[in-house]
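For reference, the structure I am asking about is given below.
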Amino acid sequence: MSHTESPTRASPSSNVRAAVVGATGYTGAEMLRILYQHPRVRLGSVCGHSKAGLRVADVLPHFAGILDQEIESIDAQRLAREHDAIFCCLPHGAGAQLVADLHASGRTVFDLSADFRLRDTSVYRNWYGDHPASALVPQATYGLVELYRERLRSAQLVAVPGCYPTAAIVGLAPLLDAGLIKPLDIVIDAKSGASGAGRTLREGSLFAEVDSGIRSYKLAGTHRHTPEIEQALSDIAQERVTVTFSPHLTPMTRGILSTSYALWSKEITADLCTEAARSFYADAPLITVLDPEKHPDTNSVRGTSRSMVSYHVDKRVGRVVTVASIDNLLKGAASQALQAFNVRFGFPEEYGLTSLGPWP
Amino acid sequence: MSHTESPTRASPSSNVRAAVVGATGYTGAEMLRILYQHPRVRLGSVCGHSKAGLRVADVLPHFAGILDQEIESIDAQRLAREHDAIFCCLPHGAGAQLVADLHASGRTVFDLSADFRLRDTSVYRNWYGDHPASALVPQATYGLVELYRERLRSAQLVAVPGCYPTAAIVGLAPLLDAGLIKPLDIVIDAKSGASGAGRTLREGSLFAEVDSGIRSYKLAGTHRHTPEIEQALSDIAQERVTVTFSPHLTPMTRGILSTSYALWSKEITADLCTEAARSFYADAPLITVLDPEKHPDTNSVRGTSRSMVSYHVDKRVGRVVTVASIDNLLKGAASQALQAFNVRFGFPEEYGLTSLGPWP
Amino acid sequence: MSHTESPTRASPSSNVRAAVVGATGYTGAEMLRILYQHPRVRLGSVCGHSKAGLRVADVLPHFAGILDQEIESIDAQRLAREHDAIFCCLPHGAGAQLVADLHASGRTVFDLSADFRLRDTSVYRNWYGDHPASALVPQATYGLVELYRERLRSAQLVAVPGCYPTAAIVGLAPLLDAGLIKPLDIVIDAKSGASGAGRTLREGSLFAEVDSGIRSYKLAGTHRHTPEIEQALSDIAQERVTVTFSPHLTPMTRGILSTSYALWSKEITADLCTEAARSFYADAPLITVLDPEKHPDTNSVRGTSRSMVSYHVDKRVGRVVTVASIDNLLKGAASQALQAFNVRFGFPEEYGLTSLGPWP
Amino acid sequence: MSHTESPTRASPSSNVRAAVVGATGYTGAEMLRILYQHPRVRLGSVCGHSKAGLRVADVLPHFAGILDQEIESIDAQRLAREHDAIFCCLPHGAGAQLVADLHASGRTVFDLSADFRLRDTSVYRNWYGDHPASALVPQATYGLVELYRERLRSAQLVAVPGCYPTAAIVGLAPLLDAGLIKPLDIVIDAKSGASGAGRTLREGSLFAEVDSGIRSYKLAGTHRHTPEIEQALSDIAQERVTVTFSPHLTPMTRGILSTSYALWSKEITADLCTEAARSFYADAPLITVLDPEKHPDTNSVRGTSRSMVSYHVDKRVGRVVTVASIDNLLKGAASQALQAFNVRFGFPEEYGLTSLGPWP
């Protein structure tokens, strides 16, 4: 059956030993879950700052009866000694020194923060402040597998993409690659579930203030994911791409729906865009390009490592609309990290990531 | 206190007698509620098709113990005989003959369907099919009070605007009026709650299929509200305006958030846009223009007749972003009808419509 | 029309001057909203601790363009000097000294905390710790208007009931009053929306951890509302009543649905219970007793000051089931306080509290 | 690693061929998903009534790009000829003749309707009407694996339990088995997500009418799951058990939380109950008994085949409270069917059912 995992099981000794740092946030929780279920990973240390000393199930209740180990404090030496791969789920800035230490020890690091995504440290400084480990930036590989697959095979430091950039890039990349749209003047209107704000305590993340309403924030080019999107899209277009990126907080826990608008470079149809995308993603098992009369729904990818995209053309005004849906904690974070890990360690990229999500 | 209603009560005989047709859908239910609470309205017949003969509270449970009258079948003669104003909440096409009959009887009709919104019946035909009462179209006044207030004072047939058009127009009108943006190439990305699809039974409206996910539909200029938006915006701009309008179904019951993108016509700031809008809405008591660092949230207008708008500028790319929030069943339907009624019958336009909504 | 407010407006000087302390939490926000809209209240100071100095709309976004005053720090002398009634929405313990000072100044205080609800201070100590102002306890009147209406007419200190107790008592009181059920062995299974936990920051209140799931907490007689429920029910029954009270956190912002189970004292029918309740609530304009084949839904009372109750009998096992729904922030807090205020200041108890809520 | 699936893969020819009838409802969709992912199942026909002829992904959008086969009409002969096991997800009554035909053909049938759950056809008649295939009732085995595991090893017709009964029984069974509670006078207050009502179109299931509110229905012994619960609990207790069962519709898509109340038979502690349950479930890999200070949350089992239960004692009144959480579409339907299938076909009962669900 085509959907099943590896037909031959490796001996335990050939498994890859992996650790999770920052395991008790929402991204860390998903990282932990999918590593725990990966057939060729041996889960080692589960580390955290404020919750070190507690047991996993005290902090992440769905692990009750499943995973009872203690959350360890963060110790770079032990992490390096006992693991082949470390997944770092700390906020930007907080994990950079650890990443540097682990990298120096020769371990493969998957960093889910923004620290190593921007190649130009002056751009980083504009958006995030001084870079905490700028010397390491040139060593990093941007972990959007569908675009940088070859480079990832030998990567030692993977900068796992942001959630919004993933959704935006996945939809727009095929159009830019095929030269079907103009590289300037792109609008990206993205809608994210509340888990995107993480487990940090703030009034605006309380149930009562998110439930039943939608709101915009950081509009008009002020959100930090803007330069990350432009960097990747410019790579594909091989010229400078600029975007207006607008995030919205949607009353749902998971999912990003990214609706992008671009002017066509010549008259085209939705079918042509769809074909271009199917060709572009011919070797990408986790991306589904829908027919133009269908629409991605975040519910159809929730709990999965997949992305669904669709293409539409407003011929009256010469504009292409593309929609992409992902689960922000999986393809937008944890499963993208594991997909890059698979490429790096020689497994099929979708290995351990093909589960369908519950629907409805 | 400025927020209180009329200081002097009219004698009951001077009240306006009003009826609701199509009272058992979501818009009808809100129409009923706000008419019932209006200090100068005497609620008469409550009519429906399939639920005639039942009592209001059997169909609308929140009226239990409040409003116990029977839902009547639709009888144009009795409606005309016993009422001054009739609010027709039937789907497009279904109420046109009734509207024509009531209009012929000299009654004032507020039609919440799409039938009389488009001035050009050939445009109507393209989007909805043959017009059911085309001769009446020139008699109708588009009921977006903030834009067409003067004409509404003597209107006999009010075409109450659609929910999406209201949100889009409220945000963009001041910019077009002031010539701050280019009239072509506007993108409108709108997010609506599920009540916008009405009480019609379909799988895609079931809780399990709407909850926790967001999806697009009728993209790239295929939604029927597109020409309505363009008609009103062209009126303001006094030149042809074209838009790409994209609706999204959001997991919430009420609210529309409309995020619009336009190229500036010359270099401007968010403050300038905000001032222009405050000037434009100086006499509009139900519209609040927020400071640029704030963002409309549909939760802040839920259950109210208000709209909140804000303006933002992405100066890197020369684009203005405006966001508007409304309650789709109120400012997007029922309260907009009642606001037009207030203008038509000589009350302050916000009369009976100033209640704050529950928050959170 | 019976639903409208006072036909004659008082002169402004006859209005009651009211202040809100602790205005920026969820209960405080609703207190503010309904006081602001009450026709005979002149809203004075809006006070808070941590947010003093900010403007109301900075903290409560739905007041943007409506109420722009500054949040003041808490000053007992000024509060007493400038107001007739003070609504204190601080957590238990935190406001007791202020309440004592205001009471000593002769002002009427409505305290929404638990501090003055329990008549027996030793019971208070068991559940909350040492009482912060025990000498004042005998001066307090429990503010559940439907049960203690007469005492409230002259109350100087009103202990506004808890949200869970209100829902439980409203449903069970008629049955105990009429002797239809046994006073022991009552089970109360209550489901509350997340706003019941307040605006306090904690992981368990974040959207992502409340959304889409239901959970119990503080089961088996460990929740602090247990003695409050038993005190009021024992008053009605005129004998000791014991209950097993079980709260549940439900994925909705507002509402409590309280399902109670009691053994009948003799064979009865649901109709008989319904009649007994209608008789008991004959003079209670804010309570609707439904027919037995109907069920209260928190959606039907959301945003209102009403309660709906229903009665059902499982004759196979001799048990009465009663269900009551309220909006926890209104009838469970703010509107209950204002209802008691109305009684205290000589207005009809439902004055300013009859608005219907938006539905759906 | 203990959590992984079978270390040795069977040859394809040894896979069990399975079909799903009624695949396009919510239970059918989950049945399809977990069969598709089961390592030893070869998915054959996917059948439906009204949607026959469409493709799976047209009706179940999460299968886009995954499962593209056509939905077939229901043909008993072909089903029997090409499959070893048939999972029938039709409503009660609708599939009984098909079940009888397939059973006569020697196929193993897992019927997810209520038709074969009640051993006493006169009880069935009282609650559902005349039995459509009463002769087959004695052949059926009730599929609650944790209680009837041995009988299921040779079952040819499995009556898969209802969702509410599963949650109620899982919590109460250990207490009755150990004689810790009295068998009469048990109260079961259950809260279900909206998917429990299925994909049938009705106003009460629309998003706008379920969202943000909770309501009871079919109270006081009128819900059809009452006799099913009593039958299974009486089996365990070996004496007649009676319950008052009260279902509630909760604003979430999935999950049942069942809170049950019983009088203790002698003085006991929560720890004792917990130990009894752990002993009772010592061989049940899919049930987790939590410590008494913890509480099951439906979110912790959503998307999984697991159940979490906890035990609490209100010693003031001598009552045991037990809470159980399940995913109503999995342990309450589809995964329970597959768990029974595993037992019947000689696989470990948790085979293919150990995936952790996404959290949050």
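The letters A, B, C and D name the chains in turn, as written, and every chain counts its residues from 1.
Keep in mind that, in the parts below, contacts are C-beta pairs under 8 Å (C-beta built on N, C-alpha and C of every residue); 3 or more make two chains touch, one makes a residue touch a chain.
Keep in mind that this is a model prediction, so the values were computed, not measured.
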| item | value |
| --- | --- |
| Pair with more cross-chain C-beta pairs in contact, given A-D and A-C | A-D |
| Most remote chain, CA-based centroid, reference being subunit D | B |
| Whole-Å gap between the CA centroids of subunit C and subunit D | 39 |
| Approximate Å spacing (C-alpha centroids) for the pair subunit A, subunit D | 35 |
| Gap in Å, rounded to a whole number, between the CA centres of subunit C and subunit A | 46 |
| Overlap residues in subunit A, where contacts from two or more other chains coincide | 26, 193, 195, 208-209, 211-212, 251-254, 297, 299-300, 302, 360 |
| Residue numbers on subunit A that touch subunit B, as the complex places them | 184-185, 187, 189, 191, 193, 208-209, 211-217, 219-221, 242-244, 246, 248, 250-255, 257, 259, 261, 263, 270, 295-300, 302, 312-317, 319, 321, 323, 325, 360 |
| Subunit B residues within the subunit C interface of the complex | 1, 3-5, 7, 9, 12, 26, 29-30, 33, 36-37, 39, 42, 60-66, 195, 211-212, 253-254, 288, 290, 294, 297, 299-304, 306, 308, 327, 329-330, 355-360 |
| Sites on subunit B touched by subunit D in the complex | 26, 193-195, 199, 201-203, 205-212, 251-253 |
